[in-house]
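Order of writing sets the chain letters: A, B, C, D and E. Residues in each chain are counted from 1.
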Amino acid sequence: EEIKIGVLLGFTGPIESTVAHMGPAAHLAIKEVSDSGLLLDGSTVVGVNGDTTCIDSAAATAAAERLITSDGVKGIVGGDCSGVTGAVLNNVALPNGVVMISPSATSPALSHRNNEDNGLFFRTAPSDARQGVVMAEILMEEGIDEVAVTYTNNDYGKGLADSFQAAFEEIGGAVTMTAAHEDGKADYSAEVGALASAGGQRLVVAGYVDQGGAGIVRAALDTGAFDTFHFPDGMMSDALVENFGSEINGSTGQHPSPTAELVERFKEVAAASGGDWEPTTPFTPESYDAAALILLAMQAAGTSDPNVYKDHIMDVANAPGEPIQAGELAKALEILADGGDVDYVGGTGVELIEPGEAAGLYRQVLIKDGENTTVQFR
Amino acid sequence: MSNGSNPYRSDRGNKDRSITNPHGVGEIPLRDSGKTSRVEGENPFLIGEKMTGGYAKNAPDILHECTIAVNPGEIAVIVGPNGAGKSTAMKAVFGMLDLREGRVLLDGEDISALSPQDRVAKGMGFVPQTNNIFTSLTVEENLEMGAFIRRDDISDTMAQVYDLFPILKEKRNQAAGELSGGQRQQVAVGRSLMTRPKVLMLDEPTAGVSPIVMDELFDRIIEVARTGLPVLMVEQNARQALGIADRGFVLVQGRNGHTGTGKELLADPEVRASFLGG
Amino acid sequence: MDILNALIVLANFVLVPAITYGSQLALGALGVTMIYGILRFSNFAHGDSMAMGTMVAILLTWLFQSMGISAGPLPTALLALPFAIAATIVFLLVTDRLVYRFYRRQKAKPIIFVMASLGVMFVYNGLVRFVLGPDDHRFTDGERFIISVRDFKALTGMSEGLAIRTTQGLTVITAVIVVAALFWFLGRTRTGKSMRAYSDNEDLALLSGINPERVVMYTWMIVAGLITIAGVLYGLDKSFKPFTYFQLLLPIFASAIVGGLGSPLGAIAGGFIIAFSEVTITYAWKRVLTYALPDDLAPSGLVQLLSTDYKFAVSFMILVIVLLFRPTGIFRGKSV
Amino acid sequence: MSETMKNTLLFAAVAGLIILTGFMQSWNSALFIINMGLISAIMALGVNLQWGFAGLFNVGVMGFVALGGLAVVLVSMPPVGDAWAAGGAQVLIGLVLGGATIAGGVVIYQKMAPGRARTLAMIATLGVGFFVYRFVFDAGVEAIEAVNPAGTGYLGGLGLPVLLAWPVGGLLAAGAAWFIGKTALGLRSDYLAIATLGIAEIVIAVLKNEDWLSRGVKNVAGLPRPVPNEIDLQQDPGFVARAEGLGIDPVIASSLYVKLGYAFLFLVVLVIVLWLAQRALHSPWGRMMRAIRDNEIAAEAMGKDVTARHLQVFILGSAICGMAGAMMTTLDGQLTPSSYQPLRFTFLVWVMVIVGGSGNNLGSVLGGFLIWFLWVQVEPIGHWLMSVMTYSLAEDNALRLHLLESAAHMRLLTMGLILLLVLRFSPRGLIPEK
Amino acid sequence: MITVDDVHKHFGGFHAVDGATLEIVEGSITGLIGPNGAGKTTLFNVIAGVLEPTSGRVTMSGEDITGLPPHTLFHKGLLRTFQIAHEFRSMTCRENLMMVPGDQSGERLWNTWFGRRRIAEEERALRAKADEVLEFLTIEHLADQRADEVSGGQKKLLELGRTMMVGAKIVFLDEVGAGVNRTLLNTIGDAIIRLNKERNYTFVVIEHDMDFIDKLCDPVICMAEGKVLAQGSLAEIKANEQVIEAYLGTGLKNKAKAGVEA
């Protein structure tokens, strides 16, 4: 059997630069499984790309329609932006009964859809509601009780900013100002000017490192508006320290990942594959994990029928079972084939909680001497 | 050139000037020139010979074996009813029309295949009926542009033009668009003289100008012609124009109706009745 | 009360960024205005042409960097700039040859050119991503600051600092030089005058012996220069990302229109108006006022007229208001 | 070849493409293309009305489409009682105050004699009014947005049938168009373009940032549908039996059924709009509009009230775009403000109109279908093309990998090439204006 | 019928019309002459509502019409032609005429959908009327030709034709004669006289052709530099020193003059 997996991401459009790394990561997992020849009695797997454009629900729906009804994919890694993800889920995946695992749609708003999704929708990125709380705790423990917040103006940024503000204020912190920034715009002086005026001990940048977020940090540093920051997952990547190096010493951040070894390990796996993509780009390991989960669940279920294997996704993702690192998919397939149980860890230390989203184990990071160092895991 | 048959020129309602800029869009087709050849025999200095053709490839012919010609020192005038093809004939001589038959000779050279642009280079000066000055440039810059193809010192010619039209000297640094109608016509003629043309073609230079300016212009044109420069012009003001013409062509429906000296035509009762308003 | 510090804050967060951004927009708008004035259409491909030019500069910068060539304290990209301009000229001329020239010969209506430029925009859009991918690229090197906040504070002993980046300084200086050169060229040289003549009246220009194709060629060459300079300066100052360059189209057009399409002076003014309106209207004046006012009057709120969410909307509002009072733009564009 | 013949062939060709999709890919895909094609055709008709008939350059299509989308939320979502209780009244009062401030400013401007006193009075009124408005309004907004922000945090809608949202979307767009038209058209049509561009951006900014209204960037999902739910159908034994009777898999049957339902609704709207537009075009009204387009000054001198006609046509066209926007949001089932991007909703619609043939209603319909088809299909075509092109290269050839990787960007490239080709060989569009 | 009271029109610092005061008598054919740039067309535009005067008042039959838009004035019976022909270029010559009459029921959107019968009838009548006018102007063969494909003079005829499509009270003609063949111009002159006599149209005619003015106009007003220079019968005007100096001139100085007289 040749099994097809849809990779439905915004290859063109506003987040095309992030997706340029997420796509290959998903394909890497697919290739790994396919090459092993162990899936469902030697089935091969191919990944089929579909372009959501991130913004155009109709185009995304059309692409999903094509993937599912024409290519006959058995599962979808995607979508990326929460807007199109919701549209695809409702209009295509749900009616056709196909599993979707989104690596990047972190909006809390998607959570409630889980109640009416027939158990078809999962995500390897934790909901922002959880991250907001973690973030508030980290800052408080650092002794910081007054921050300014800027977020990328989409459901991810807004949701994260909202949940952070609520959590932070609850434990006694104060947010001097919350300013949105649009990704892909020409200039961020206005935002930085306003944020600087509002002041705060630290600037929380709930954006993307390869989008407006970087522009904001750059401008804030250069004008001396802020010199330490706090970075949630969208900002945390090697690109961050590459770009800013020791300029952001003393900044903090967190991203969903249990251990530093996982990050290192995923980098190695990526490097071994010979691709020229950047494994630390936000949501890239998540993409790998999403694809891996689908395939492992198939193996566990013994079928590629989404309506059957959807019930095995939680099983393979969580304990009990043999922990499976990134790059060990073949081993997992074998164990599953033998009727064993696995606990998929993958690139991000996947731990799925009801209703089907990542539990959110976070690695707390401190930027020291231009390196990002692990403080602890939460 | 016809707007109807060239789809690229269809006039969509692009009134929105924040998007397009219709200011000063041209009509003269741009094309590559063909070869020229020398023609033996006695020919007038400039002649459009037996020209037949229309505005577009498969549009009906407007000109039918129409001939117009002019010699050095002469003024040739084309008259005729509206829509007779006077302007079309001028355009044909200037290469703005694809001729199906006939040829254009300049100084014994067949230039039928040349583009309008190269005809300018060959020394033909043309003053269109309208839009004949650069409104946003100063008077002096207008004259400079007239001499664009010349590489030599133009100050002498400029002085001559200023002599011819003293008012222009006064207004040399004013934008030409701020001048009155008659003054604009003077700029236009002056501009074409700056080229040092071998032949000057004028399309209705006096349309809409006041009598006093018209007299002035006619005077200047005569003066210019006296210097040996052949002048070919279209005029609706036929009686005055034929009065100064050495040659007159009456066009009727794209054909040569009557030809003769200005005086002969003025004297011809038929011409008087049907074209000169009695 | 501390007026000096208030001024420094204002300069640091409002004036310097807005002047830089304004210069970048002005350079872009100059290109738009040149094409509008001489080739008579609004070039929707402008943003992507900028990306194209910058892309070449980036590739060359990488090459130079790998060869170990550098410009000392200045960004290496400056060395690459002349070559990039040359390459962009070739690009634009080839595009003109393949696309626009045909319509010019057909005497097509300007709107057809506009639509064709839309097509060109799509194609460039794809091409840039084809070559360089959609990623963000930073290609600046050399000295980062002319003066940094820390240095400034150390130097002056003020409590507030002022930073001027090298790229900011470069942007403004280059913009001034380019604009001056352009004005000299258009107003004084024979070729410049012939371009103005062509812009005024195509037919008459042709009848005067001005070769339209040459005018068009010069226009594209100048435009290529302008966009490459604008694109590289912008990329140096912020970063290069194809999508952002596409998005730049909007503010650039707004600048050109506010200033009066077809008027080079207007393009410059327009660029600054848009930049300043984006930055100032949504600025939170708290910090400035805290310094500027006596202590007991110091504001407790942010003193922000509108949230930054609306900065783009605000600049458009300003645009509409300017047009209401000055329907042809500030410097009376070509529209009559 | 006669004109009718040619047009029929063109339409047949596009139909053929879609049918081919049905065979080669799936009927679901084909039907979805038809549905979006119908909506696109309606949008293109709206733009064509403005551009083709009247020469008005509207580059704010996106804004009107988005307003249509907003209408769906406001009409069809159930009201959020808690939010209304928390701050509904306050927000409304705030809005009234805001409106009153502007009205006050205008009245002062009109009533008082020009001079410093007037300027001061106006600034004072606007200033004080603005702060009072912000004070009242902001508090209300905060209260509303605090109500379960992850789930609701907005006022909700009226809970009316979703079909009602379509005309309401048209009305909302018409209102905005009236406002723009009054400002921009009265002065000079020249700068309509920039005004529309600006208003579109403002509309989107409001949609993105006014969470109390439609949840801003957090999106409103789960909009009611005018057709049954696929899952419900799949669970309906009667339906399943019928589907199986026809020999179709019930899952596929259910999604086809739903899509056909949408297609029917959209088709009805398209036919009505097309009929009205055609009638208007081929009448003295159409002649008048053409005259105005050709020469405004002369038309004005011949007794035609150019500004009023422009306003009329601008409002009509925008209303149609608004309606199409509402239809599209209904089809999506959610309102996603960040999805409104000029490239997709303004430029692409323009491409439809131009490629189809501006000034010709049938052309717009054709353009809508064709361009939408391509917009969706150039992606797989691009991939296919790339793999054919690189077929001879080695598996791991760097160039091959790069090309395959970049295949996604074929989408824009192909759109551009098609636009350029059509312009080149059929500059007035596939079905030109007569 | 029309009074113009101290009208000024400034373009920037330039005073195109600089305090013009004049009166147009009902039923007359008034000639308006003056050197190029005297402000004649500008004054026309002010009266016809195309331009708003900087100051001054225009009244029509006692009613203040200053600043009313052209389309309102059209419905009050004030028509004008343009010095530079303003044809509707993408429409046929016949359509150019048919679009003129106001109050066509087919111009209301509602009727285009639900009042087809009435429209069809009206159209038939309009068409007949348009053909009649075309025939009168000797361009009936151009009825179905696009208006931008006819010669310059023919466009001017079309321009005149439009004013004949409706019953007007006063018609402003801006250089109908420029570029029109003299023989045809005579015909046009006759038509103007006929319209004036039979339908009691009032005409105001700008023209540089003195023969034409001579044939039609009484009184004649001469403008210069934005002001009214002289007013009276043509004979009076022709004798006026100022007018001769500013406008008429003394004829050609050299050969040309001789040629004309020969």
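Following the convention adopted for this analysis, a contact is a pair of C-beta atoms (placed from the backbone, for glycine too) under 8 Å apart; a residue touches a chain by one contact, two chains touch by 3 or more.
Since this is a predicted model, take the numbers as computed values, not measurements.
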Remotest chain, subunit C as reference, centres from CA atoms: E
Pair joined by the larger number of C-beta contacts - D-E, A-C: A-C
Label of the chain whose CA centroid is most distant from the centroid of subunit D: B
Chain centre separation in whole Å, for subunit D relative to subunit B (CA means): 52
Between subunit E and subunit A, distance of the C-alpha-averaged centres to the nearest whole Å: 74
For subunit A paired with subunit D, centre-to-centre distance based on mean C-alpha positions, whole Å: 31
Residue list for subunit E, restricted to those that touch at least two other chains: 89-90
Touching two or more other chains - residues of subunit D: 190-191, 194, 208-209, 293-294, 405, 409, 411-412, 427
Junction residues of subunit B - those touching two or more other chains: 8, 10-12, 14, 17-19
Residues of subunit D defined as touching subunit E within the complex: 276, 279-280, 283-288, 290-291, 293-295, 297-306, 312
Subunit C partner contacts - residues on subunit D that touch it in the complex: 183-184, 187-188, 190-191, 194-195, 197-199, 201-202, 205-206, 208-209, 342-343, 347, 350-351, 354, 405-406, 409-420, 423-424, 427
For the subunit B and subunit E complex, residues of the former touching the latter: 2-4, 10-11, 55, 80-84, 87, 129-130, 178-183, 204, 207-216, 218-219, 222, 236-240, 242-244, 262-263, 266, 273-278
Residues of subunit E that touch subunit D when the two form their complex: 48, 50, 69-71, 74-75, 79-80, 82, 86-91, 95-96, 98-100, 102, 104, 106-109, 111-113, 119, 122-123, 162
Complex interface listing, subunit A residues touching subunit C: 12-14, 16-17, 19-20, 153, 177, 179-182, 184-187, 189-194, 196-199, 210-211, 214-215, 218-219, 222-225, 243
